[in-house]
């Protein structure tokens, strides 16, 4: 018996939307049925509605599909069980609940609902038990469907590397400076005049998101309530002239002292999903031993863009250790994150 | 009476050497007399010996000068009182003492002698009293001249911003992640294939230099001995695709608590050299209030490349404050640093 | 007696508008009185209405000025004699005639009116005699003022280098491939995702403009009618990841044969405005002899951005000669072009 | 029966050498036996001898191989039948004949021997019949082996697109301006300081190579003598800040007039190797219909880097048509070109 689940993508023409399409096009059990976007795009062929910016060509049959409006009542969504959302935050806030109300499971990359008390914010290797809050969400809101969110791109990179450290040694303080790729801001987000031969030391709301989301994800869900993690975290975010791949300088003070080699070991062994046989799965952390890795252009595609690459794990004078982590921000940090959530949810609960 | 001091530049054809030439060409009291470089360049016209990479043209009379070898006994150095050194470290270690022995004052940008017990490592706004150790140096080594060093480019940016904080509030811990321009590695240092659409999370010896040099500079000289500063400092260094301008995310824990506005104020008021009338002087710290500044391309030339630009001074969850600082690495961070040292030394001691 | 002429800038907040402001701020006889922009900006301080993208700071007194709407009847324009236009083409078509009707002299960088039969399209070193058609324009249209246009950025670079060749040897065929900087498309014109590690081999309408404008400019005005130049010209335009500076590979077949050295000579001697003492004037063509020049980053600021830099003048197998020319596209190719037109017009006719 | 041919790579650690390794690692009938490089690398593991700059990891078994010196008498070459050469030109001139003398077939990407009267310069889709001159070469030089060369990267891009035009309409004149990626100059070839925010309008010997090689390749071999093609060709070469992918603006005057659509058609139908079943084969020309393609980052990997992508085929005012062509310069333009030559030669002659 082959499982086939019909899915739709909201915000399908944008840069994260295109990654959803790319990752879903040959998916073994998700069938990409609906491509939804703004009124301006609706009614056009997908290949005409979007400026496809990925190197590999737009899949031909998908290019021919007609884009529908992101209207929860549009009949195109009738047969769809899951929608992946790459909507901008304000639209997500308005529309995702409408889809959930109509019985759809929404796996959302938008920030709108992430910090709600009854919405799971999940990185599947880190806190899959948070899915449980979905029941409370349905009860609270009277929905047949539900909303599952994944964190901000730069949060995902951080928490995947922090989780094995926390489990073994405890985490007391975390300091992060990010160097984030332009694709994180969407196709039109960063003008070339702003970033060629330059860095922008500011990304709107990014530091706040990283600081609050990390504590929710690495916290506990007890009796239906989230108890946030209690370590201190301070972040500084920068935009750099790199196409794809967020790089993060991470400093961690552990509760129990840990040698760099021990950190290497717990990271390398961290692999909680390896037996689930999920199509989008890759080893969550790849360790590079060279002194000058990870590098965005050379390492972002490790694990088909789903692995975090970590290197330069070493002692620090203030924190216990420091290291550099890299994530493909539009795959592991966005579309791939939502899809891996959906895959795991289905394996566990359906 | 007009003071004229004849000077030479060692390593005049490299990227820092060219900045020395640019900054010295119309200097009111330094007369650029000798351009010295490796045997390969010696005997050629300067304009032919070096690939001039700066936008403004090579000054014509300087382009016509013949390059001499970096031989301390070469007769070209006879009339020279000061030599500026942009030599690679190994050559500096060997040759700078020879020049000092022959009575020259060496103002060196090289790292070779910086951490020696009797060598001043000076940022003129920060620790000009360290010049005093020169007397001990002369005594120890039997030199008529002497060697004064300036720190590594990324150290200068950090200590200039830390000094006014330390003076007012005390400093307990400092955490820095740098994003450094390619010119810091010299013209041939970073291949384009290594850095286009990329970041390299490693610069050889850079973290060690920043950590040790900062403590020497911000420490005290008492009875001819250096007492290093006692705060903790941890650094992570990265190379980014930017031509000029090192950007640093700096986190500081102060001894006494300080509001961000107070930090802004002490930085803005920090101006210990303003009455010396030094030709290369500019206000040491320029504060930008915009949320997304400083940026390398827009701010590196503030104060003709001699000002550190600081922005985003704000609270942090672990440290007292965090901010972003920018320095023109080949001017303020290298050639300009040596020249400002020489200018102040002359005003104070000659 | 000091001449003072009050001027305004239409479209003052955009990338060309900012160059107008930069070039006019200390102008000896133009007084920058009015900064006009869209309704969205009107009423705000200039420093708040625009994202100032130039390295040097926004002039303080100008930053404080209030932006007015681009309404020809706005009272701010009452005392203004000249308006410089950096309007988008559609707005230019509608508004520039209204300003001319109200007695203003409009010096426009917009493309809307360039090819009109009674509108001069002038590069002041090349075809200043075309100003004469202004009289016919006023007669035809019943205007007290008038509209003078300058060509597209990449056209200016080409025609300045072609003019001295045409005068001496005649021109039969011209082939050009351009490599154009991102600033030519305006601040938001080229997303970083489109151009990092990339080239876009297409710029809308650019090839057509270069082909038609060149023939008008290098043609004759006889008895009030334009006779276009008769040489053949074919162009291919590309966008490259460079901030400022359009580079053009130009191939020219002359009527009479010409040695490369002769081409060098006529270009180097080409200097028809040198005796006019115009504030924005610089030597129109700077020749670089090095084998690998001109280069955008190193040569775009020659002549304060007003000189075209030419190099690699050599024989070709099909054409008589080929060479590489570089222009600062937002100074010489836009704002500076309009201002130099205005300066010459005033010297000649007022 | 499975054909296995043992091969070696000369210059295996450089940027083209790495592409050879990448393309040969899972080859169906070439077995990569010997990795040869300079004395400095010899004796080290390949993974230690080279800085592997490609995104995908170095194949593990190959990384473990010991590098041997490029000594034709080294016993490692004993069992090898074919050597691929990525040597610098001066070494190639000296060493390739020595390998040929010892019975090896040398498929060389070096320029040293390309224009020799008895050396085939082959693009397999264009002039495979030139292989025939190998017999004369062996006779002339008394070799058991032989040398087959492929052209310069930017020549290959041009001649593949010119061949179908020439066959159908004849070619009278060709004008090309190139925009070439930095990888074409090797890993250390273009410093980042030279090319960030910049273009270099010069590549040593490149224009001469394109002009002469094109005429040899598109010429005839009759009675063992090359008769060069007789069209005129003029070229201008530029280096741009792009990692991989040479872009060329090509203008062609045909003997018989041709509509753009006809050019599209002959290019699209051009596929002389499709029935040979060669492992490295891909459709030689891919046509993109979008107005702004091909683009290096989006199109260089078409056909696994072996297809030339062509777009913007349109009328010109001087030439019959103009178009833009793109080639992955280190695959189709270098390593892949040599390997495809070898594959075809083996299919035809062994």
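By letter and in written order, the chains are A, B, C and D; residue numbering begins at 1 in each of them.
Convention: a residue touches a chain if its C-beta (ideal position, glycine included) is under 8 Å from a C-beta of that chain, and two chains touch if they have at least 3 such contacts.
Note that this is a predicted model, so its numbers are computed, not measured.
Peer 1: Could you let me know which interface, B-C or B-D, is made of more C-beta pairs in contact?
Peer 2: If we tally the contacting C-beta pairs, B-D comes out ahead.
Peer 1: Which chain's C-alpha centroid is most distant from that of chain C?
Peer 2: With centres defined by C-alpha atoms, farthest from chain C sits A.
Peer 1: Could you please state the distance in Å, as a whole number, between where the Cα atoms of chain B are centred and where those of chain D are centred?
Peer 2: Roughly 47 Å, centre to centre.
Peer 1: Suppose each chain is reduced to the average of its Cα coordinates; what separation in Å results between chain B and chain C?
Peer 2: 41
Peer 1: Counting only residues that touch at least two other chains, what does the list for chain A look like?
Peer 2: 53, 196-197, 241-243, 297-298 - these are the residues of chain A that touch more than one other chain.
Peer 1: Which part of chain C faces chain D closely enough to touch in the complex?
Peer 2: 173, 175, 177, 179, 196-202, 211, 232-234, 236, 238, 240-243, 247, 249, 251, 291-298, 311-312, 316-319, 322, 324
Peer 1: For chain B, which residues count as touching chain D in their complex?
Peer 2: It is residues 15, 53, 182-183, 187-197, 241-243 of chain B that touch chain D.
Peer 1: Tell me, which parts of chain D touch chain A in their complex?
Peer 2: 53-56, 196-197, 243, 297-301
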